[in-house]
Amino acid sequence: MDYSSFLQMREELSLIGVMIFLLIFDIFASKNLIKYFQPIAFVLFAVHIILNCVPRDAFEVAGGMFQYHPMQTYIKTILNVGTLIVLLQAHKFLNNEENKIKRGEFYFLIFSTLLGMYLMISSGNFLLFFIGLETASIPMAALVAFDKYKNNAAEAGAKYILSAVFASSISVFGISLIYGSTGTVYFSDLATLITGTPLQIMAFVFFAVGLFFKISLVPFHLWTPDVYEGAQTNITSYLSVISKGSAVFVLFTLLVKVFGNLIDQWQPILWGLAVISITIANIFAIRQKNLKRFLAFSSISQAGYIILAIISGTAIGMTSLVYYVLVYVFSNLAAFGVLSVIEERTGKVALDDYNGLYQTNPRLSFVMMLALFSLAGIPPFAGFFSKFFVFAAAIDQGFYVLVFIALLNTIISLYYYLLVIKAMFLTKSETPIELIKSDFPLKLSLVICTMGIMLIGLFSAIYNQIAVFGFGI
Amino acid sequence: MSELFSNFFSGSIPMEAYLGISLIMFFAGVYGFLTRKSLLMILISIELMLNAADINFVTFNRYLYPERLEGFYFTLFTIAIAACETAVAIAIIINIYRNLNSVEVGNLDQMKE
Amino acid sequence: MQYTLLILVLPLLSFIVLGLVDSKWKPKVAGTIGTIVLGIITALSYYTAFEYFTLHKVAGVYEKVIVYDMEWLRFTDALHINLGILLDPISVMMLVVISTISFMVNIYSLSYMDGEKGFQRYYAFLSLFTFSMLGLVVATNIFQMYIFWELVGVSSFLLIGFYYTKPSAVAAAKKAFIVTRFADLFFLIGILILSFYTKTFDFTILTAEHTTVFAGTTGITFMGFSVLSWAMAGIFIGGAGKSAMFPLQIWLPDAMEGPTPVSALIHAATMVVAGVFLVARFFPVYYFQTPEVLHGIAYVGAFTALFAAVIACVQTDIKRVLAFSTISQIAFMMVALGVSGYEGHEGTGYMASMFHLFTHAMFKALLFLGAGSVIHAVHSNEIKDMGGLRKYLPITNWTFLIACLAIAGIPPFSGFFSKDEILSASYEFSPFIGGLMTFVAALTAFYMFRLYYSIFWGKDYTIKASSHGHDDHGAGHTPHESPFAMAFPLIFLAAVTCVAGFIPFGEFVSSTGADYHIHINLTVAIVSVVVASISILIATMMYRKQSTTPDKLAKIFSGLYKGASNRFYIDEVYMFITKNIVFNNISRPIAWFDRHVIDATMDGFANTTQWVSLRIKGFQSGQLQQYAYVFLFGTLLIAVLLFIF
Amino acid sequence: MNFLSLFVLIPIFMILGLFISNNRKQYLIVMTLGASLLMIMSGIVTYMYLTERAAGNTAEMLFMADTVWYAPFNIHYSVGVDGISVAMLILSSIIVFTGVFASWKIDPLPKEFFLWFSLLSIGVYGFFITTDLFTMFMYYEIALIPMYLLIGIWGTGRKEYSAMKLTLMLMGGSALLLVGILGIYFGSGATTMNFLEIAKLHIPVEMQYYFFPLTFMGFGVLGALFPFHTWSPDGHASAPTAVSMLHAGVLMKLGGYGCFRVAMFLMPEAAHEMAWIFLILTGISVVYGAFGAIHQTDLKYINAYSSVSHCGLVLFAILMMNETATTGAILQMLSHGLMTALFFALIGMIYGRTHTRDIRLMGGLMKVLPFLGVSYVIAGMASLGLPSLSGFVAEMTIFVGAFQHSDIFHRVLTITAVSSIVITAVYILRVVGKIIFGPIYDKHHEELTDAVWYERLSVSVLIIAIFAMGSAPFWISSMIGESVAPILSQLIK
């Protein structure tokens, strides 16, 4: 067996390299060197992104345990960019006195979750998949409970790890049943061996709920708002965007690649889940006063919309899904960026605190507005296009009713997004949030997001480029 | 049934027995997760669930597909992962104890609605 | 005869110019411009008349000449609105009438409206009115007529509401516009139906003698009547609205809120006869296609004539008396058309009604202008403020008297001839109508002389006249004869009134266009003259000197008197319909429905969502184990559902 | 580089210009220049259009251009105009132009106001030039959203409620619309989203039965179709002057235009089958709106309800499906756009002086504000269809056209619709008589000053346009008629 083939796993290896370097640097760097920790990290990570942003031909490693497909490069790059933005936004937070020492572990944890997602994405085998899943979620728990002197953080951490493991144990139980019924955990073999016997269906359900949990679809979403609220805002944004993005991609891959024969089972499941996720999440969102919870529910309903792309199970659906994730990364991170900087400086997260924000911080509120419009799917911002393509993908397979319900829900979602905009622009306030001078990395991240929101939709090249590798499996 | 007993006494344990055990363990774990008040007990219940899955893997591998070892490896990795998450979970629980002076799951409801 | 185009263009120009410069020029300038323009138009239309009646008689029949025609708006290949000029006897006759009266009124207004605020605006509106009225009469097709019909309506609206700060004037203007608009609705519907079946708007095609355009309508009926009857009835209603036929007459008396010269021009001589003109224009269609409608017109006219005459007997505002007499006289013309036949002698009615239209325009304008100069002198409209004015206003007195004699139908004044023709036509149609009309004629004579005596005779004029109207002059000065600018129109019109009767009208205007020789039907003539003189005598006895007989009579016929002086409560009925039914029982419920049903449902969606959201917030209890319950439940639910289906 | 794209590019540049500019006069000038440029351009477009036609050009549309945008969905950026679009473009540019002048002294945040205002105009212009369903829908939504902020920030009264209601209801409409459009695209199995191409294909009739109502209602909401019109009174009442002008003047036309161009053009069979339902609805809204207007006391509400009535007439005429009526509908769009814009401009100016819109609290304004008074009367006359003003031409064309329908039911409906002219006269004269004529109600109103130059400018432009259209309709009606004909041939076949 030729171990050199392992060198093909470029993304993973380079990321591991970055992690190890940072770890060593963090430990051994001298006082005056250490203050360059973050810039160096940014640079390294940027290099890592650039190195791995070019798709290669598909290949397999370790007898199909690790399967690569060009499409994965796109989704991984998207996740990378998202991570970079999150790190930029977290820059200020990590420069605080109490966090200075913990910088290293923060980066290490983030990168290891990212690594887990890589493995999850390009796994060709349930074992690797499961390892990836856990690698992605266990450090995440540590991140959620990152600032350990906050009750909320600790509570959120506990809720997250316990329910996460609960979910993953259920799904690993499902995997075991699949294994029992088929005798293999390799996706390529399973595709034919899974024939839809009752046991397999049972097993599939057990397994799938683990992913539904990660995507936080109703009714497996209950942890989401609490954890989002409790965690530090940058972590929340990471949680809401990156891990969710990877999970939906994986779900799509598995459904088509492994459970293709069960399509008659999983399409109705997703149909129902999409409907109740969008609706319930919207109905919860309109009442939220805390913006982090608010965005949590909004992200749940966004997940519901993503399901519309998955349910089609076609190449066009795949493309739309990746595109949706891309847009969602920029929109959501823009919103969270504004949120984080304001919470960082003033500790205000309530909707009412945002009253009259436009008078004092026009730029921030402008970015926030763009982000919310994009999330609501308003042209000419990117969100409109991604939503449209997702709907088109679903209608293409004849899910007219589903799309109709989803569209009716866009009205509700528009309503609550407008509530925030109303607070920022319309409502006057005696004590508006004072002017905030944001630091350069944050500015940079927000600029990137704004550019993304404004331009991704208008430049069709991106979508077409993704579409080239039509069916990324 | 009788044949099961006869097998039992004749030494070779039928697969169903293992599966039964694992199923019982699994739902015992679920039950514990849902009912226990202490975070630690909940953690242990999760361990039960994971181990149930492990037993499944091993059993299936041993009885149905003895020629390949995927099940065994899966079990090994699962055990390792279970260890990791227990570690993290314990850490968080300690943290909670430091903040709240209790590990009652009922106290974890600062954030709701 | 292209120059006739000027007749339309000039007043339009003067309207635009005067309207735009409004108060930037001196009042006198504006007045002079307006008057001069009108003078030119008058000259032009006289020349047109002369040229038409001399040159365009082909084989003893006046032909219809289309001087000018341009396509203005194309609907379909068949249907398109043209703007053009159609000359035929009646339109030429109308040109003469309108320009003459308008010219007189312009002159008259120079001094009557002197010093009024918005003098320029007044002249602008006068030009606008003249323009639209002329455009109406020369219309080549029914839609052009409708266009100018509306324009006439709006200029009348503007002129009635000339004193726009006076609520009563505004109300009157509103009333006039809306009532006529309501009638125009039927006019429009009539046009639509007619054009739908005939596929043309064109008068020359519609009114040609043996036209085939109506072939399509035979046998098509709607609710028992042929569609054509509906159409023509609708068109007549339109005319009735403008000509204040019962029950649409209510706006005319109130229209007297406008300046008196305006009443003379619009609400006595020209606009109000537009309805008559319309029916005359369509006469062949009415006569050949829908005789039943034509007879209907006759009866409506007859009733209106009587109705208005009765009311006129008891009104105390001189302008209102004249208004009601106008209504009644127009009704005469309608009756004449209604009873008329077509060919030769049968066509008396048609000719008579046009003749009466002509004469009536002159003497009624004269009456109004006379009334104007009276009002100008005593600053009041009320009879009780007048009396014995003959000493102070000799010219007015004499001209007024002539007019009264004319309208009463005393030879040799013009009114006698035209009215006599109408009566004889009515007798030929049916004795009943004839008798009725004679009676109305008698009433006319009576109330006119009642008016005359109570203005110029009766009690001597008391200097201490409480003064209504223009308070600026203040009370208690001796009334004086009007200046020349006002006197001249009176004299001129009086002269016309004296001689107009001897015009061989039938030579010019007749239903077929062929000559028609007027011959006085002696019996009818004598009867009517006698009756008229008797009623004049009665009026003389009652009103020449102050006497108590009127009050006695009022007591005897108190019911009738009360009803008549309240115009038989028609206005109240309208008030009820508009206010209580339309406003309170249709519009208000609709507004309510809009707010509380339709809008409420829309809000309802939002509120329900909020409510649900509040209900289900318990799910997010914050309890980890409860989350796990839901999680597990969800899982099993999915599994179970999958196995069921 | 296609000529029509300028219509979108110029506002975009305007936005960028506004973005970088910060001092007041400067961007007002930028804005004004941009708007007037657009006016001039659309003038040129029309002129070229007419000449091309004279030169016997047989193309369906002019300045056709087509660039692939999203290949996987066959979404192209394809533009083209015919007489209808040109008419609409002229209308929009006139109203944008006047709207700028009407909001000369907008306050607070003038810069943002003009930003959103020009974004709105992008949506409007884009909607009229595009021939691609997706792009059309995109522009449609672009035009909707700025509304929220424009009303919410610069509005009056219950602005937040109205803004939210307007936005959400119109969004609901666009939700229906999107399903309809996707249905058309996938239903027809088309390989393009260009409706000129789709029109050549045939959508299965049973699919049409689902998607025609959706599409028609989707656009109908914006066209104030009867049960979905309630956003319009509140929205217009709360919006600032220029926004009411643009919204009632142009945005509501998007509805009619879309109904005609997309719903009926692409799904003729269903249109024929289902027309009667919508005919009844529109017939209702014609009369209903007029009656609703009688009872209002707020000037803007009166006007909004009359808009419901007039726009109802537009849809009504379109559904009659014959050339005359449809031409009338387009004319009605133009005329209603102009006069309602004039109305809202005047109301804004009056409100700016008297600080009330309640007709019970005003009177005799003619004495103190002669210019505004006269203009208001003219607007009123136009609205009740006085000849030589635009309203008459449009309404008569509609009525005559609609009455040519061979079916008695349609003719009876037409007569019902005709009756609205009387009701219109009632409420118009009620207002004119109350606030313009009569004695001065409020003593404080005696010191009011008449319109200043920029107000006079914007009002005069509109009045001139109304007069021009009303007294010389032949050129524009012929232009529209020519472009209506091919679409109708599609419908009637």
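For reference, chains read A, B, C and D in written order, and residue numbers begin at 1 within each chain.
Here is the rule we go by: a residue touches a chain if its C-beta (ideal position, glycine included) is under 8 Å from a C-beta of that chain, and two chains touch if they have at least 3 such contacts.
Not measured: the values here are computed from a predicted model.
**Student:** Could you name the chain whose Cα mean is nearest to the mean of all protein Cα atoms here?
**Tutor:** If we average C-alpha coordinates per chain, D lands closest to the whole-structure average.
**Student:** Just the number, please: Cα centre separation of chain B and chain D in whole Å.
**Tutor:** Chain centres of chain B and chain D, defined by C-alpha means, are spaced 67 Å apart.
**Student:** Please tell me the distance, in whole Å, between the geometric centres of chain A and chain D computed from their C-alpha atoms.
**Tutor:** Each chain's C-alpha centroid was found; their separation is 43 Å.
**Student:** Find the geometric centre of each of chain A and chain C from their Cα atoms only, then give the gap between the two centres in Å, rounded to an integer.
**Tutor:** Distance between chain centres, rounded to whole Å: 79 Å.
**Student:** Roughly how far is chain B from chain C, centre to centre by C-alpha average, rounded to an integer in Å?
**Tutor:** 100
**Student:** Please set out, as single numbers or ranges, the residues of chain B touching at least two other chains.
**Tutor:** Chain B, residues with two or more chain partners: 33, 42, 108, 110-113.
**Student:** For chain D, give me the residues that contact two or more of the other chains.
**Tutor:** Residues 168 of chain D touch two or more partner chains.
**Student:** Give me the residues of chain A that touch two or more other chains.
**Tutor:** 158-159, 162, 166, 170, 225-226, 287, 415
**Student:** Identify every two-chain combination in which the chains touch.
**Tutor:** A-B, A-C, A-D, B-C, C-D
**Student:** Help me check something: in the complex, which residues belonging to chain D touch chain A?
**Tutor:** 69-73, 75, 134, 138-139, 141-142, 145, 148-149, 152-153, 159-160, 164, 167-168, 171-172, 175-176, 178-179, 182-183, 185-186, 210
**Student:** Help me check something: in the complex, which residues belonging to chain D touch chain C?
**Tutor:** Interface residues on the chain D side: 165, 168-169, 227, 229-230, 233, 288, 291-292, 294-296, 323-324, 364, 366-367, 381, 384-388, 392-393, 396-397, 399-401, 403-404, 411, 414-415, 418-419, 421-422, 425-426, 429-430, 433, 436-440, 473-474, 477-478, 481.
**Student:** Spell out the part of chain A that touches chain B in their complex, as residue ranges.
**Tutor:** 126-127, 130-131, 134, 138-139, 141-142, 145, 148-152, 154-159, 161-162, 165-166, 169-170, 172-173, 175-177, 179-180, 183-185, 225-226, 229-230, 287, 293
**Student:** Looking at the complex, which residues from chain A come into contact with chain D?
**Tutor:** Checking each residue of chain A against chain D gives 316, 319, 373, 378-380, 384, 388-389, 391-392, 395-396, 400, 403-404, 407-408, 410-411, 414-415, 418, 421-422, 425-426, 460, 463-464, 467.
**Student:** State the interface residues of chain B toward chain C in the complex, per the touch definition above.
**Tutor:** The contact residues of chain B facing chain C are 30, 33-35, 42, 105-106, 108-113.
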